[in-house]
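I've put the structures underneath this note.
What follows is a pair of complexes built around chain A, which joins chain B in one and chain C in the other.
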Partner chain A sequence: MSDRIRLKAFGMLAEKIGTDSLEIENPGSSEALKRQLLQQFPELQSLTFRMAVDRKLIQAETAISTGQEIALLPPFSGG
Partner chain B sequence: MNRFERQVILPGFGPEGQAKLKQASVLVIGAGGLGCPVLLYLAAAGVGRIAVVDGDVISPSNLNRQVLYGEKDLGKNKAETAVRYFQEKYSDMQWTAIPEFITVDNAQAHIFHYDLVIDGSDNFPTRYLVNDACVLLKKPLVYGSIYQYEGQVSVFNVGSHPCNYRDVFPNPPAPQEIPNCAETGVLGVLPGIIGNLMALEAIKVLSGLGKPLNNKLLLFNSLNTQFQELEILPNPTTQSAIPTSWNEFHQRDYALGVEGVQQLTWNEAMKLMGQEVAFVDVREPGEEPPLECTGLVKVPFSTLSKELGRFEEAEEILFFCQSGARSQKAAQLLQQTYPDKKIFSIRGGINALKS
Partner chain C sequence: MEKVRSPKNIFVQGPISSEKIAQSIANHATKTDIGGHSIFLGQIRADEKPEGKVIAIAYSCYEEMALEKAFEIREEIFAKYPLTCMHIYHSLGEIKVGEICLFVFTSSKHRKAAMQACDELVERIKAELPIWGKEILDSTATQWKVNT
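Coming up: the complex of A and B.
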């Protein structure tokens, strides 16, 4: 059983990543995931976004376990 | 027979719920894509007193989603036009039109008088300003925003562990991250859906019906029709970003600043105007209201990078746009090309001129 997690990207993040949903190897923590994403998708470096782990917005570095769903959430301003 | 009969007979709502709505007052900030559906349903539901704040005028590009307005309304103020529409429609409500943009100077006075605030604005400076004012006043705030095919909805300052916008996004993004307001497309039905969800949340908070979205951020994607709810919690570390007093609030500059770009107010800009100063409108054709005056150059932001040569002669350049975001990007671009010229962006753009 491989250690994989699911990413869901919203708004402009989905555009930059090229999909709104993908499965990747579990990097183990929210900070490690962020580092990996910024390296893989350099356009994200200039974007503000927050992460949610299993539908809870996180406020600090958080451990990620197998099978969890990570949401990548940018702010929207339109009205 | 009364116009609320079908909701009064609902179990769980009843005459009590109706009486609470009748007693309630709501301030709707922004009568655009979100504000229009919010107003339609709060008015139909019988909220007793509603005020509409918007300094903007109706332009043709608004009509695919701002469903209160039609062709005959072009060029008119949104708050006044919306209020006139509802005054004709319902005789049992009190309406106030506030044809201004919300600012650090008027926010406290406007928000203070209402039980609940709706944020239907369309830019980050207003969203953070309204959020902070509502935190200071402990006022329930129904938040909604959209980007292309997606929307977000939440309810702030409600419940025993109240959250606000800064618990979700502590600080505004940099202007460079934000797509141009004139270039972001939208299908009218998306703000229709998000605005209706906002009206629903307002009715729930005001009448005590059901469970509002406090401590939750609801996400909607119109392309796959998926809703998702995220749990949000108060974040003690972000509270420091909110002014702690009205004095501090009044001093706060909510305009987004691009690093290295000098910003001027309209008054400061007027004093600079003269022979060697290029005064440049970087809005796209069709943005309202058009500005005509001698010496004004129009170079839409979308073509600016191809027309940099036009500024060779000018010693000083003053850029403006609708809200002051694109003009900062324009100033940054020109400064890279002409490091020795004095280049400024007018703070708040045309919106600041109107208010």
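Coming up: the complex of A and C.
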């Protein structure tokens, strides 16, 4: 069984990445994922974003397990 | 008996109509322990930007996370203030200038709790719910809204 995670992107980040959802190999942690994303999508380097793991915002480096849903969230602008 | 609350949908496709708001007020007529309502309505403003004038905002969200978070906020506000009722509606999709995109409605026995809870809810909705607004300009350009 392969170690894959689901990645969702929202708002401006979805536009920069070119899709709002993709499945990738699990890099193991939120920091490793961020490094990988910035390398793969250099346009993200100038953007501010946070991550949520299984719909909870993360504050510090977090381990990522197989099958988890990771979301890339630009600054919220509801209301 | 303590009422058990569960997450409910706060999202409305398109603008929030004045009929919906009026109906929502009317629905509380039978709750005669209420002495005060507080209502906040967010309206799309025609901001002038260097690239053009805002004619609409297109809202999108991370629905599952937004509903979980809205439920959490709702429970915290209910625990903090003596409220009788609380309703939150946020639009999704394209909302034109002058239309309503956010409707927050709190009710309590006395006015202060309703007013303070409503204010705190609006602030938390804007800061904590994963919702994004894309401003559509009359120059056909678009740009992502920034909350202040």
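In the analysis below, the second predicted complex is superposed on the first by the 75 of 79 C-alpha atoms of A that agree within 3 Å, B and C clash if a C-alpha of one lies under 4 Å from a C-alpha of the other, contacts with A are read in each partner's own complex, and residues count from 1 in each chain.
Here is the rule we use: a contact is a pair of C-beta atoms (placed from the backbone, for glycine too) under 8 Å apart; a residue touches a chain by one contact, two chains touch by 3 or more.
These figures come from a predicted structure and were not determined experimentally.
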* Asked: Thinking of the overlay built on chain A, is A:46 touched by chain B (first), by chain C (second), by both, or by neither?
  -> first
* To do: Using the superposition on chain A described above, determine whether A:37 touches chain B (first), chain C (second), both, or neither.
  => neither
* Asked: What is the contact status of A:75 with respect to chain B (first) and chain C (second): first, second, both, or neither?
  -> both
* Touching partner for A:17 - first (chain B), second (chain C), both, neither -> neither
* To do: Pick one for A:55: touches chain B only (first), chain C only (second), both, or neither.
  => both
* For A:7, decide between first (touching chain B), second (touching chain C), both and neither. => neither
* Asked: According to the contact criterion defined above, which of chain B and chain C contacts more residues of chain A?
  -> B
* Asked: Which residues form the common part of the chain A surface touched by chain B and by chain C?
  -> 8, 10-12, 52, 55-56, 71, 73-79
* Asked: For chain A, which residues are in contact with chain C within the complex?
  -> 8, 10-12, 52, 55-56, 71, 73-79
* Asked: What residues of chain A sit close enough to touch chain B in their complex?
  -> 8, 10-12, 20, 46-48, 50, 52, 55-57, 59, 71, 73-79
* Touch list for chain C against partner chain A, complex -> 42, 59-62, 64-65, 68, 90, 101-102, 122, 125-134, 144-147
* Quick one: which bits of chain B touch chain A in the complex? Just the residue numbers, please. => 30, 32-35, 119-124, 127, 144-148, 150-152, 167-169, 171-174, 176-179, 184, 186, 191, 217, 219, 221, 228-233, 235, 237
